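Got some structures for you, see below.
What follows is chain A paired twice: with chain B in the first complex and chain C in the second.
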Partner chain A sequence: MSTVWLPCGDYHQDYAEDQGWWQARFIKFKMILLLAVVFIGIPQFLPEYYVSVGTMVGYTAMGALGVQLLIGFTGLITLGHAAFIAVGAYTSTLLVLQFPWPGFIVDWGLAYPISILVAAIAAGLWSVLFGLPSAKVKGFYLILTTMAAQFITVDFILTQYVSQIGGRGQAFSLPPGVIKIGPWAIDTDLKIYYLMAVLLTLMIIVLANLLRSKPGRAWVAIRDNDIAAEALGINIVRYKLLAFFVAGFFAGLAGAFWVSNTAALSPEHFPWFWSLWLVGVILIGGVGSIHGAIFGALFMVLVMEGLQWAVIPMSEYFPRMLMAFASIKDAAFGLAICAFLIYEPNGLAYRWWQAKNYFNLWPFSY
Partner chain B sequence: MELFFMTLVTGIMVGGIYALVALGWVLIYKCSGVLNLAMGELTLIGAYVTLAFYTAGVPFVLAIVGTLMVGVVLGILTERIFLDKLIGEPLLAVIMVTVGLSFFFKGMVTFIWDTDTRVFTPPIFAIRPIELGFLKVSPVYLWSFILAIVLLLVFVCFFKYTRWGLSMQATADDETAALSLGVSARFVYAAAWAIAFMSAGVGGALLGNINGINISIGYLGLLVLPAVVLGGLNSVPGAIVGGIIIGLLQNLSGTYLDQFFPGGVKEIVPFAFMAVFLLFKPYGLWGWERIERV
Partner chain C sequence: MKNRIRSLLVLFLALGFLIGVCGVAMAQEIKIGGIMDTTGATSDVGKDYAIGMEEAFKYINAQGGVNGKPIKYTWFDYGYRIPEAITKYRLLKRLGVVAIQGWGTGDTEALSPTVNKDQMPYVSASYSAHLTDPAKTPYNLFFSSDYSTNARAALTAWFDHKWPTKKDYGKRKPRLACSYMFASPYASAPIKALKDHAVMLGFDIGDDQDVSLFALDTKSQVMAMKTFQPDVVWHGNTTMSVAATMRDSFALDLGADHIMNNWALDENLPRLGGEAAEGAIGATPCAFYGQPFKNMDIVVAAGKKYSPGVPQEKRLIRSIQAWGNALLLWEALIRADKAGDLTGKGIMQKGFESLRNFDIGLGAAPITFTETDHRPGTGCLIQEWKDGKFQEVANVNLKQRWPEKWEKEWLGW
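Up next is the complex of A and B:
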């Protein structure tokens, strides 16, 4: 997606201006308004149910950002991203529950923040490990190795071995009060929402900044034509692995965040389905833009919630519908992906871009 | 030693079923270039359709024939409704449409038939093992293998000797040349999907006889991916050999590796093996190497 047309009379005179965060006063105003809605409007004025839906949107968007970086910006198709989210979640949980922390760190509530960071790095390195084949293979073959990552990590290592640590059987349970950042125990929907909002904002800022600097340009070059990129002197293996690392890092953050939202952690939270779901999110939102990940997450979570509201009244007449809601959700998701790919292959972000340009150029559409 | 041979024979027999499903996959890829990730769900549909026929009182062989017919109809419908519009689109779009299809099919199957494990009642094959020399083979495996091989032969003959099969081969080889000779590409694509539905459906029905039918049949169908990668994506003999190798690998690892890595090592080994194999031979045993230029 190329840049947005500027309103009549605004001109960029150099590259720095073109890539700037605040290209116009209107944009600055709009972003501040958006942040105010995200940080104050939603959590303070909406009922708790909507806040938890917002948390779900944020978690989906966190995962989708990593997928967007790999698929949308570097052209490396991944169908195993849930594995890296799982690595983050498990590393964080194990660190919080099992690591012999010195007393003062637990008292000051530093254990969880440290574990988030370690989890993100661990997930990043794990992702690089499975990204290594990308040096040699691409396209469909890379898809298969990322699928292998999913099955090896979640279905084998986590289910069979990691879940046994500490003798808790299949699931880790997180006693209340363990997840603590500084003086605040993350125990209400509102606090979880704020944690999500802060992490997501940081991730978006980091990703946007990476994309407008050297690595980002290298990634886009690799996506558009990897052989030409190599001829231009870009070390494609290094930048592909960097993309895997950053995507894994984001996945680790998402996983470590997810721990705060759930009382029990088990491998069922990270099925292959979730990897495919994340890819579906960016396809619907739009491949190749950060907006796409956010729009896709919004769309998918809200539509699925809406579907639930539609099914509940219908279940009075067809009681099977409520029981089989998971199947209906699967089928609806599948149809949504197919419909978007066939009829709206550019995703929601493209429509957003069109609408924005229309108003920027209005009333003279040229 | 006896255990080794037993494992070997069972592996080859299960591998025969995988080979059948893999053949369908390769046909789609060869003819239309679609990398189909919905193969697991196609096997799932086949298994449940056969079960539905069988529980309605149709004899098993006729139930298989019925599954083949349903497969043709579903295959043509799928191709016409979804894949037809995506010819020439980028890889990601085509693959994700098949992923979307797989979700759709899985959702529909679990909606209609629920998620409980079901078995063919009364059982079709005797439980008592057949003795071949010093080997004991369960009749389910033996008959499944025989049926799979027969169908494989039928499909290969169809591909090699009939007019329709030859036009499919021509399209696979060079689409433009085939078009200029009067082959209808749309017909070929529909035929490829119909054959894929048929082969996967029968494969699913056979797999369902071995372990009972539930959603995990879909996972077994996914095992065709390592099989076709092993054989090379566009090679029919490769798919057959790859399927048998995956069956062998799965059973050998189930017998010998399970004691070292308890748990689901059997399900993981094909994928792990594939990931390593790709590093050394990315085009499989007989796949075409593609040379890329700017």
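Up next is the complex of A and C:
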């Protein structure tokens, strides 16, 4: 632990120090402040609507973290991530609704927490299955194989078979009180937000730790030059599949969490467009950075919500704007991606890094 | 100087008065939200519905709103994306709406636990029977017969009136096949009830065919159906894909009759299907646009007044359906307001659930809601596109025909 208050320049002397979580007291203070904002400020002081917007930011970030790991850190382009989120959501729902849990598991509110874990593992393994072609193909070809995950998983398996379980038709509905963690039923926007905040924080900690360990270095090496990485002795197939597993695991967590937010589920919740949206999130937020996934999610959700608030008063004069709002939103999404790729290809995370560096040396920068 | 101060004081007082008056006016406004699909998978029927809904609220305000209180109607297009519908719902809640006019089955069912928790009356364009049991979905309603009732009624009408005219009648069981988008909760909602009804009437049931809501080519599905040689095909999708399936059935000489849910049978079906649409039979929860029924003159006049840019000849039954739900909500709000309780619970109990055989006109069946049953009617009018116009096949009353099953078995699915 450093004794300095402000991170004023780089004085790291070894790798451990360079990768340390708390490089200065200021950073520790900053992180505690951030946690206070996330866990106390937003849920306790903002109206319910903004809390639910925060939940959407979190859900988007949870999905984007997996995409970031695959695209940003390992160089494996994916356009089928919604499928893995769907696997997580369906596994969790089916376990909660259909699995013959012993009475004490249900009474103690353990069915949903266990289902989250199993859902994450199932989605991770499913993701590995669709990651297998990455041993042979990359680039555009890999995009197509990951897209196959969407069509095979959501449009075929989930729609034609899994949705039929229980005889309801296509949609599962979770009765109130079923989604329970311990004694707490996850039935209010506030509780859903807290669940999201805890899961997202854990995911960020896990991913950040993985990235500064051996697998993380291997992933980055594969991304930068897979042939050179193999020449250095890295088993690239193994590490690529590990990346798919971790990304799928995160997607599974996101899907299992999503169930608590809607209490209902159908294949329509996981359109292919959502996979594309998540790629847009990391492009805007910044490829190759955990911050990028968070900033991208913040940008995409908050800007779109802001757009909504802008459209409401304008609709008095241009009533057709409401009719075309979904198209306006899609256009804004496309425009934002174009604008970022042209003017800030490194994304919002790079701007954050620049601002941080500026203030690290402020007011005596030179 | 004194004069200037006095002028400023008067100005401030006037401003204060104006703000006060506006405040009172705002306070008396009743906010209603809308979640519509004008760009997504069901926009082929959703656009006209959204236009009709907006016109209906303009008309209602022109009539003095709810006991003199104007309605502020704010709606959004959610593009038939469920996560989007959820965020829109929360936004509308944030805006302080007291009730919502919703759209599809997927999002209405997904939002159902939330609207129940929030005690938000949710009048939907989804007529899924899963929304009719108040024990499970106490805040969901609609003016129309539900999809399961539609399916049972359409099959019954075909069985009674068309099957006896076939050459194999009396020699073998009739054969039914279903064509719909498996992944769509709307399209799949009545399938279980339809098959239950088919078994009860003695049908053989073939394999279901998965047809996307966006489908333009359905030859492979029609070829698959052809091996089963169905006598009648149930179409569970919306107009565009049903027209495509009927065209392909005609081209490939399937030789079956076509019965369909209400969101498939509209004025566009013959336009898109051409001669293949001849004989299309479907559930019609209300009159087609412009048909001579009570209150239709109001709808047509409002259409001309508020949407002059939309040609009258292109208006659809979807507008009438929107008016049906709008008039239903209007009446519930009037009753709840008279009772002095415009909360969600008040609107439900003192508004909707006080309706007994309430007639909205527009060719719709009289509406009754009770605290144990949110099926608004007991049957459905079945019509057929024949000789260039829609003609009545039968007005099927399921409750009259199967009273015990209607009361004890069929609620909520």
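Here is the rule we use: the second predicted complex is superposed on the first by the 352 of 366 C-alpha atoms of A that agree within 3 Å, B and C clash if a C-alpha of one lies under 4 Å from a C-alpha of the other, contacts with A are read in each partner's own complex, and residues count from 1 in each chain.
Keep in mind that, in the parts below, contacts are C-beta pairs under 8 Å (C-beta built on N, C-alpha and C of every residue); 3 or more make two chains touch, one makes a residue touch a chain.
Values in this document were obtained by computation on a predicted structure and should not be read as measured data.
In the superposed pair of complexes, A:Pro176 makes contact with chain C only, with no contact to chain B.
In the superposed model, A:Lys136 lies in contact with chain B only, and not with chain C.
When the shared chain is aligned, chain B comes close enough to touch A:Gly280, but chain C does not.
Touch criterion met: A:Ala228 reaches chain B, while chain C stays clear of it.
When the two structures are aligned on the shared chain, A:His12 is found in touch with neither chain B nor chain C. In the overlay built on the shared chain, the residue A:Thr159 is in contact with chain B and with chain C. In the superposed model, A:Pro267 lies in contact with chain C only, and not with chain B.
When the shared chain is aligned, chain B and chain C each come close enough to touch A:Ser327. In the superposed pair of complexes, A:Ile312 makes contact with chain C only, with no contact to chain B.
Counting contacts by the rule stated earlier, residues 155, 159-160, 324, 326-327, 329-330 of chain A appear in both its interface with chain B and its interface with chain C.
Every residue of chain C that touches chain A in the complex is listed here, in rising order: 36, 38-40, 47, 50, 54, 74-84, 86-87, 90-91, 93-95, 105-106, 109-114, 116-117, 130, 182-185, 188-189, 191-192, 210. Put simply, chain A touches chain B in their complex at residues 71, 77, 79, 130, 133, 136-137, 139-141, 143-145, 147-149, 151-152, 155-156, 159-161, 225, 227-228, 231, 276, 279-280, 283, 287, 320, 324, 326-338, 341-342, 345. Of all the residues in chain A, the ones that touch chain C in their complex are 47-49, 52-53, 56, 154-155, 159-160, 163, 167-171, 173-176, 187-189, 261-269, 271, 273-274, 305, 308, 312, 315, 319, 322-327, 329-330. If you check the complex, the residues on chain B that touch chain A are 35, 37, 82, 85-86, 89, 91-93, 95-97, 99-111, 114, 225-226, 229, 233, 261-265, 267-268, 271-272, 274-275, 278-279, 282, 292-294.
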